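Working notes for the structure below.
Chain nomenclature is as follows: A, B, C, D, E and F, assigned in order of appearance, with residue numbering initiated at 1 for each chain independently.
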């Protein structure tokens, strides 16, 4: 690429990006981080830097994370056996203690540290802090007991917004508080959608390990770049297991007033910036 | 006690307490919780309720805690061996991961839940959150390496104060962030004093398992009810091991502008309320 | 009472009082002072101190007073003869001048001075000041002329509230202004109820010379501790003369939105504090 | 005067007055009312209307008054004998009660009513209210006891200013409070000067019964229209008795930072408006 | 006129004017300047001074002007020929350039300079500035093309008000911007009415070269001092050509909520002040 | 350029630009427009769009312009002869009228319209408006009279800043007001520097018809990309005539606290955006 060509592309990028930058200023973007972007240090670092750049130009970023892989690893190393019913971890009191320790003491703390080292001032939270997220116990679809597993019932939007107002970047782990002030294990994809709805987010972005939603998972060409919530609903049952809660949460978020939900590939560098600030979106966009 | 006598005592208590209540409104009180008040559920519950009552009448309460006993227990149950040099835990990376998990995932979360169930809206924090507390690595007095152990260098008072302004009750675990954005294990007594100094606290209160400071630890009569920082300094070397960091921190806090530091007995119910709102203090008061 | 018992009662009193203190902060309490608490120096002094303590913890206190006994004394000493029709003082222009002089120049000034010496900054007012209370001339029930006697038609709540906002304690004498800008003599019990309604007071308290309302005035045991406005209305005709305007005003105040009206005994020391800040109310409480 | 001439004078008056009106907006003017303007209803009414017009265009008016004639009349009618030492009323406790009653119950109340009927919302005050004016006991020049007579030591400017901010017109009687919270009788001319100094008044105006200050009281031509404080000081001893405290207060006020002090004739209609809003002053102006 | 008579008239003028001054404080007055008051330096200077005096006492003045005579002169001196259809100037692109240059570069700049030299801080504007006035192209009544001539469609009231809030006096020339961001020539009388409506003006005043509206233009006695909009509408067709757009605009303004519209004679000195601040209005007043 | 390469350049541009965008938010940038960017419609349009994009991301843009070429053309077409002494236009009253008409009625109005059509809300100003720029008459270096030509003495920064606060984009023509409220012709390069100093601008940018400053004007390779003010001063005498006032103004601006002054080539599309938001500056940068 010649210097002149590069200068032209740069100028075009700026002309393209500045109106987006203006339009996202002061808007909330909820970013759910999962997969490689959470566990692979180099990708995690680039994503952290992108999130900080977003906040530099006034986007109010909230990060949500779970940590299934990390929990499983900790439990297996302590000899405990993970048990799943219908894709959900059965969580007794001892397991819940493990979940809390891994999510708050390891995953969350590391994420906060990474964001701070990239220039943010992040604040790690579980749903207990500031009573920011409440849930109620749920059972598996077959009615069997799941232990300390919950369904999110309420998110304290004003608390998150006041942290944003103060210039802090909230990082929320998927642990909720019950009405009896005990902790419950909740699904991080659902948390992200509930947080986006409660903070009237302009964007909800799932950073995953796939390129987006495929009409037919086995056909690489069938990647969907834009899909309406209603259409997506018809597609859900045919989706890959890990994509299903994201898709359902995306549908719910769009119906709760979040303008746009994106699924982007966390393995592509700077996918987040390109998605938000250029005309050519990446991954799949869900809209109402 | 007759009804009339009780009414008289009640009236006297109110006449005594109301001016204190007025004078503490809007003032910061830092409460370091340790010992039985941290580990014994019934005492922990009463203390949580007292802290909430304090906040009801406008005292801006910040709670600080460590969790040495809980960490030791977790490490021993995972087969790791605790090693101490000069009273300080030698903390390698694996141990630090354990420290974070126990303090943030268990002790802090439980304390926050307890305060919330008593009526507060508490927010659990480590020093990484909001970069609220930074430290630098320290070595033992004999120069030997302590691993991830630090000396507190800075506390972000404005962040804590903004949480207080929003009506939240901060609960801070004794984990700091280094200038390289790694975590360090720090002494909770020292943390409490640094927090008190950074927030211009009117009171710093250590809730411990003893009645206060004794001039001679073996003589029950020698309990000190009031002592100047200079005098206490002369006494430090003769103090019981656990009391020493509290005494040194108290001296430092007083010299940094905290009006009064108290050592009170966490095993006595409502000692905190009686200390703050009545003429007859309990435990030992350190002043400048 | 042992030291330990006293400490326990004190702790219990605080646990009991702190939620009340929180709940009354910023609320308006209108206190009508009459009888011994107005005329007997020692009781007057204790009451003034209690009122100042109330204001210390953020209760917005407004004091209302009349001064029938003092007026009668001044008039008789100047040779004028008091004339009453249906319990109301017939007030010609000369008498009105006397009323103003005694209430504003003596009773009000003394009350303001007493409150100031107890630590408040009180401001004495008649209804003419700031046009704070307007009235229109009324006749006796039998239609006979009462001269310069009026029925309260309006209270300037915002003026009283702005004094409270500035930290002043208003002390209002029972003199109103007419729409023609002449002064009128009004009943202080009615004034207190009108002030409570206009300032959306949380409490209206009549400090009198009796223990409260008796179902049967001759039966000491029949003291009522709590009564609904409707019930009280049925009882009014059987009440003692001096109690009747208080009862009628209490009913009207409750119906105008004042949460609770109390009749307490000004001869009991600190009855006001015990009434407001402890579970065991004293005297009679009227509620809707 | 022809219609055209009148229109020309009117236009000229407006061109002359508007810059004054602008320049006095938001400024404090203290007006001490005495003599005929206080006691003769028609003049009192016109003055009240002028004061209200002043406040209409944003002048922050504070009225100060005494009431020597009214007090003497009340005392003589109650058979008490007035006693003066060096021009000051000897005031025992009974006399002080009379002073308070006449000033607060009659003179002040009437003045407030008059201003209100002219369109203001006036608030009557003695120095006890809001602790607005404190004094300490003084003796006569010959050292003899004067009883409850005081020298003004402090005026609470912020309280008066907050009433002005709220749109109220303060009317202050010459009664002060001592540091022991008793009342003291003070000279109203001195009060006016102290109030002007405490509120950084732009003008202090004495409304009296004479045309102004005469170089030689017996020579009508010797009326002074403008005089410096130093010059006036040299003249004081030759002044008429009633003029002396005004002259001394004027000198003190000018030296305390009040820009201009005026003596105007209360018997001339609208003298106040002409003095403030036209080029041709009336009466005597004292400046630094 | 004797000194005494003059003093009496002055006092009367003040008593008359002060309530008006109060009532116009903070109100918007739109003044359309035309005729001699625009072109004759001495009259222009007196009017500028009156406008500044108005602003001194808080009237929020907006000035509107055209400049037909000045434009015609400039065009004829450059050899261009003015063409009118139905009283409206046919404006091709070259003529529009001339219109802009004369109005903005000469008339507006001179008016702003004159107001500034009288003590204001004026800001000259065309409708392009701050997009303060938009118009759409119009044709003559007979359908013939008028070129760059427009009908006012919108006035940006908040922009004018924010300039007034900042203490500036806006001076608006009769040039509008179209929705395609080209300039259009508009009628200044209509502009004044639209500005008055958009800023909720209390008064709209046309300064013209006639004494007001005559019922019969040939009968000097038939000058109308007050007329309702409906009545005026019936009269419009009989009016002199130059008066017609003023009359129609006045009717429209009154119907859009402007309280009063005045036609005053710019050749009479200080007519503006007399109109606004005295009981005897001058010229013709149109009301709803 | 491949799609992938383009995506990489875009991502790199964003990573590069976002910190600049953050750092310029809320900062003032003064842009002096001259040459082709003023007179050639296509370039003028692109520049207007770039200025609007700047304002979109919070840069507070102020535009300054002259119009020498346009004035000369207008004068010659009206038969007047331009006369220059030492590079400055001799300006008699008739010429000044022409200058005002061309600058305000044509150049300024067109620039404002262009910016508005690109999405801004621009406000055209001469120095007379809001008394935004004052000057005093100057003579040529040889002492000969220049007529209505001035040297800028003061710029009203707060007025410009209040327009920026309100979201308007000020466009200032090079006409000043004298202390006698007459207009003066001033040099636009000097105006830009004075405006930058008065508004504490972060950047002052001269958009010209050359690539920047050349050490040797005849050697294309000698283009200077960065130069200190002191160095530039030594170079001034060797510069091209048109560059000299820019260079001198740049030096003055840097010394008055403007961080950086740039000379960029208005004939290169989007040079402004590339200069401000990318690492590779274009043209010449002058710094202290």
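Keep in mind that, in the parts below, a contact is a pair of C-beta atoms (placed from the backbone, for glycine too) under 8 Å apart; a residue touches a chain by one contact, two chains touch by 3 or more.
A quick note: this is a predicted structure, and the numbers were derived from the prediction, not measured.
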{"item": "Centroid comparison with subunit C (C-alpha atoms), farthest chain", "value": "F"}
{"item": "From subunit E, the most remote chain by mean C-alpha position", "value": "B"}
{"item": "Over-half contact-pair match to B-C, picked out of the listed pairs E-F, A-B or A-F", "value": "A-F"}
{"item": "Geometric centre distance via CA averages, subunit F-subunit D, whole Å", "value": "61"}
{"item": "Subunit C-subunit F separation of Cα centroids, rounded to whole Å", "value": "73"}
{"item": "Whole-Å separation of chain centres (CA-atom averages), subunit D against subunit E", "value": "47"}
{"item": "Overall pattern in which the protein chains touch one another (line/ring/star/complete/other)", "value": "ring"}
{"item": "Neighbour-by-neighbour ring order, given that subunit B leads and subunit C comes next", "value": "B, C, D, E, F, A"}
{"item": "For the subunit C and subunit B complex, residues of the former touching the latter", "value": "1, 5-7, 9-11, 13-15, 17-19, 21-22, 25, 49, 53, 56-58, 269-270, 273-274, 277-278, 280"}
{"item": "Residues of subunit F touching subunit E in the complex", "value": "78, 97, 100-106, 108-109, 112-114, 116-117, 121-126, 128-131, 159, 162, 166, 168, 175, 177, 180-183"}
